[in-house]
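Paired with subunit B in one complex and with subunit C in the other, subunit A is shared by the two complexes that follow.
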Partner chain A sequence: MAHFTKATSLHDWLNQRLGIDTLNRVLATEYWIPKNINFLWAMGMILAITFGLLLISGIFLLMYYQPNIDLAFDSVNYTIMQEVGYGWLWRHVHGVAASVVFLIIYIHMFTGIYYGSYKKGREMIWISGMLLFVAFSAEAFSGYMLPWGQMSYWAGMVITNLFSMGGLHLDGLVEWIRGDYVPAQAFLNRFFMLHVLLIPLAIIGLIGLHFGALRIPHVNNQDGEEIDFDAEAKKYLAGDKANSKVIRFMNDFLAKDMMVVGIFLILFFYLVFYHYDFAMDPVNFDPANGLKTPTHIYPEWYFLWSYEILRPFSTNVGLIAFAFAQVIFFLLPFLDRSPNAVPASRRGLFKYWFWAMLIDMIILTAMGKVPPEGIFSAIGFYAAITFIGLWIALPFITKFEKKV
Partner chain B sequence: MGKAFGAVAGVGAVASLYAMKRSWDPLPSVKAAGFTTLDMSQYKENELVVEKWRGKPIFVLKQSKEMLESYDKNMSQITGKSTAEMDKKRLIKVGDDYFLICVGLCTHLGCIPGYNPDEKSFLCACHGGMYDDTGMVTKSPPPRGLDIPPFKVDGMKVVLGETSPEYEKMLADGITLKV
Partner chain C sequence: MKELFILVVVTVFTLVTYYLVEPFAHSQMHKHVESEGFTYKDLPALTKKGDATRGKDLVMGAGACAGCHSIEVAGLPAPMDPVTAAQSYGVNPPDLSNAGVVFDAKFLAALIKNPAHALMLEHKYNEKSGKSYPMPQFYGAGGDMDQEVADMVAYLQSIAVPQEKLTPNMAFETACGRCHAVHYPYALDGEIHAPWTQIGEKPTFKHKQDELAFETKVLDYQDALTKYLGTLPPDLSMYIRSRGEHYIKTFMEDPQAYLKGTAMPRVGVTAEAADKVIEHLENVGDSKRHKREEIGKYVMIYIIIFAIFAILWKKEVWRDLH
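So, the complex of A and B:
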């Protein structure tokens, strides 16, 4: 057994038992962050805080929500919105956060792509990040079922039907997922379980993995410079803070991070109080009706780009294109064959690839929202083809990239 | 030692996965509540009525003489047989009348198509698929015609959810998939 001495303070008492000084050093005060970064590196912290907001608002919604097909709609739209004191606040925080979190995720992802932060030892950061994206997508979809409005029901119908895999006709699998022939009580109950327990647990675990994956390679920087963290840390600890390229995670870096988080939260609460309606689809204020489809079914904005890749093709081709779009981002570290981990602006053709991909995804998102008719169908079709083409081209253009 | 532990753990893992799979299956009560009886004497020609079976909308469309004739014409153009030879493959005969009885969910991704009695066709607003008045696809993306539920004709009544030789023949001829 280890040797314990009489504690001189509460701190010392805890330190002997939990090693809090060591933990604090490894995870905070001597976790080194490069100086050469910008506000885009604060997106991760904003995501963590937004997840916290979802968790807290979700807990309060959970106290009055009823996972029952006859009661769910009123428990949200009447009980929570009108009866529960400040119930509307939790619902609006939850809805706005669920939407905004995806905007931040996309910015976070494209920051990583631009600066090449997915290679040279940072592959696991990228992969755990993509797993988080998938988990958040599942979380948002399952949450969308809960108010049991028209969009909940029909989105549930259409998305679960994707699992029949088109020409394979796996209707048994679809019924298994639903627990019924159509979305009904069993369906609502199991998606409720997924939404409030299983997926949030998975998300928490994945956040841990994501942070852990960062600890050894450290975060990238604006120039993709390979920093010798041990040497720079030594300089810093020796007192030469001005010439060291790094700062402490806590408190130095955190103070800057929180500044960006603060600005974000002001905008966030502005949306919650004055513009929450963008996160609430009006069609979902009609109760679910299995005998009437809304005239247009479209997903929330953050799924539109992949939905638009599904839509312009016949069933089977559409499903294959859709499946491609869902997994391809995972492979980015391996499809990018260039050894350069520097900003896209210094990487020849990759610079154009980056901007083409970003603009193409914005076009896909816009086309996913409008009805699939005439010129919009055509634009959507070419944008979908461009998306696939860009990914096929990626290994080739990066292979011939000059080393910088 | 390691192998023995691995084997025991493997059996345990497979058994628990099986239990979990079974817990997600539809309940017996859900599966049993699967029958609907329709009284076919109440329907009017070329007027779509939506019934319900296993929570799904069921389209019932009584064919008028004119609709039957154009159906014969289309089919004979496709098959090259004379109109007299064409039996009304997708339709169900009750008494002297012919009916389209099908699941009212688009075979693409499951939206409910709308019926236009003037055009005598169905349009699915979700992705623009179209069907004619016998439920055959006339415009993609739907991969096949509207599915026909298991049925049994009993005098002027039709029981949905129960199979019959007529329905088995439709399955065998590839007119519909099993739903």
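So, the complex of A and C:
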């Protein structure tokens, strides 16, 4: 057993038992971050804060929400939105944060792709990040079921139908997932459980993994420069802060993070109070009705690109393309054969690949929402083909990339 | 400078995506119907100046309005209870006390002369279908028909509450309430109102039996209405969020513009009454809107101050780092 002495202060008392000084040093003051970064490096902190907002607002909503197909809609739209003090605020914060969190995730992902932050020892950061993306997607989808509006019901119908696997006709699997022939009470109950317990637990665990994965390879910087963190940290600690290439996580990095967070929150709360419709689809303010299919069924904006990869093809081909889109991002570190872990702007053909992929996904997103008719159908089809083509081309164009 | 450039790139891509999935996509999915400002251009203008006293005689007498309609302000009760009325006519004929302030004068005149035409229901009630609208046409009481109609409209306007006294729930009940229920309670001028059913506000009952009896009546009424219209008109509790002001207003103005062949009649309200109906739906489905705007202001001020402090903190911390 360790040797304990009479504590001289509360700090000392805790320090002897928890090692808070060491923790503080390892996790904050001597956790070294490169200095050569821009505001895109603050997206992680914004995501953490937004997840916090989702968690806190979710806890308040959970106190009044009723997971019952006869009560759910009114418990959200009347009890929470109108009866409970500030219930409307928590719901708008929750709804808007659920949408905005994906915008930030996409910015975070494309930042990683642009700066090559998934290469050279950073593969696990990328993979854990993609697992988080999947977990957030499942969380968003299950949460969308809960108000039991028209879009909840029909999105639940359409997405669970995917598990029949087209030509394989696994209807039994679909029924097993729903616990019924159609989305009904069993379906709502299990998605409620997933949304408030299982998936949040998974997300919290994955956030731990994602942070842990950063520890050894360290955070990338905006020139892809390899930094000797030990030497630079010594320089910093010796007082030569200006010439050191690294900064402390706390307060140096945190101060910059919080600046970006502050500006982000202005946008966020503007959306919460004055421009929330984009995140709370009007169709979902009609109660679920299994006998009345809405004219247009579309997922929330952040799923549209993968929905559009499913849509332009025949059932089986569409499902294969859809499955491809779901897993292919995981393989990015291995499909990119280039030895260069530098920004895309310095990487030959990859530079064009990056912008083509970004623009293609925006086109897919747009086409995923509009009715699949005429020109939109054609654009969606070619954009989906382009998406698949770009991924197939990736190993080839990166293999012949010159070393910088 | 480089960071500013990156910010511009991120913002542009975000806004383009937003534009495509929101304004653009919705413009492709939904038909846009422009409001005519409740002017009812297709209906003829009133050419005669009405006289309320003569109008009263017509409404009570030769016009035969009182045979079906109640006029409570004039002490005229309904000839039938709502359920029997709905079972006889399909829908309970409205009380006419406030018709003169809720409905447009041109519309009222056209309605008296030819209800199916004024209500835009000629696709349903015509010679070919052999069906006629439950309310009979007024063929005149022997004099100048335009004058007689103008007199009746003048009478209805004379008994209605003045414009400024028309409350949102009165407008809703007269214009929409006999077909549409609203199952959320709402507050108006500090008073809590019970959920609205097609036969009136749901009273508070001491005995379960009485409550069940009332609910049976509502179901009977709804059955008659469903038979008459082909479907039960939707509950409007959340319509202010699911459809929004523009859609609701233009739909009231011309339901056929959105749903060709719908059994929903043109409502014929004045622009002012339409605003009141919207206000009522806001009171029911978005009752915290004023609070939202008020709190929003304070939160924005708070968060801007927070951002300023965060920027100052960053500048302070990074002074030594450059």
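The working rule: the second predicted complex is superposed on the first by the 404 of 404 C-alpha atoms of A that agree within 3 Å, B and C clash if a C-alpha of one lies under 4 Å from a C-alpha of the other, contacts with A are read in each partner's own complex, and residues count from 1 in each chain.
By our rule, a contact is a pair of C-beta atoms (placed from the backbone, for glycine too) under 8 Å apart; a residue touches a chain by one contact, two chains touch by 3 or more.
All values reported here derive from a predicted model rather than from experimental measurement.
Asks: If you stack the two complexes on chain A, which partner ends up touching A:Gly166: first (subunit B), second (subunit C), both, or neither?
Replies: Touch partner of A:Gly166: subunit B, not subunit C.
Asks: After superposition on the shared chain, which partner residues are touched by A:Ala2: those of subunit B (first), subunit C (second), both, or neither?
Replies: After superposing on A, A:Ala2 lies clear of both subunit B and subunit C.
Asks: For A:His296, decide between first (touching subunit B), second (touching subunit C), both and neither.
Replies: Once the two structures are laid over each other on A, A:His296 reaches both partners.
Asks: A:Ile375 contacts which: subunit B (first), subunit C (second), both, neither?
Replies: Neither partner.
Asks: Quick one: classify A:Thr365 as touching subunit B (first), subunit C (second), both or neither.
Replies: second
Asks: Please work out whether A:Phe269 is in contact with subunit B alone, subunit C alone, both, or neither, and reply first, second, both or neither.
Replies: In the superposition, A:Phe269 contacts subunit C only.
Asks: Tell me which of subunit B and subunit C touches more residues of subunit A.
Replies: Counted on subunit A, the partner with more touching residues turns out to be C.
Asks: Kindly list the residues of subunit A that each of subunit B and subunit C touches, one partner per complex.
Replies: Overlap of subunit B and subunit C footprints on subunit A: residues 295-296.
Asks: If you look only at subunit B, which of its residues touch subunit A in the complex?
Replies: 21, 24-27, 30, 34, 50, 52, 54-57, 108-112, 125-128, 140-143, 177, 179
Asks: Please name which positions on subunit A make contact with subunit B in the complex.
Replies: Checking each residue of subunit A against subunit B gives 154, 157-158, 161-162, 166-167, 169, 171, 175-182, 184, 186, 190, 290-293, 295-297, 311, 313-316, 318, 372-373.
Asks: Name, in rising order, each residue of subunit C that touches subunit A in their complex.
Replies: Going by the criterion above, the answer is residues 2-3, 6-7, 10, 13-14, 16-18, 20-22, 24-25, 28-29, 183-184, 234, 237-239, 241-244, 285, 287-288, 291-293, 295-296, 299-300, 303-304, 306-311, 313-314, 316-318, 320-322.
Asks: Which part of subunit A faces subunit C closely enough to touch in the complex?
Replies: On the subunit A side, the touching residues are 35, 38-40, 74, 77-78, 81-82, 88-89, 92, 103, 107, 241-242, 247, 251-252, 255-256, 258-259, 261-263, 265-266, 269-270, 272-274, 278, 280, 282-287, 295-296, 301, 304, 358, 362, 365-366, 369-371, 376.
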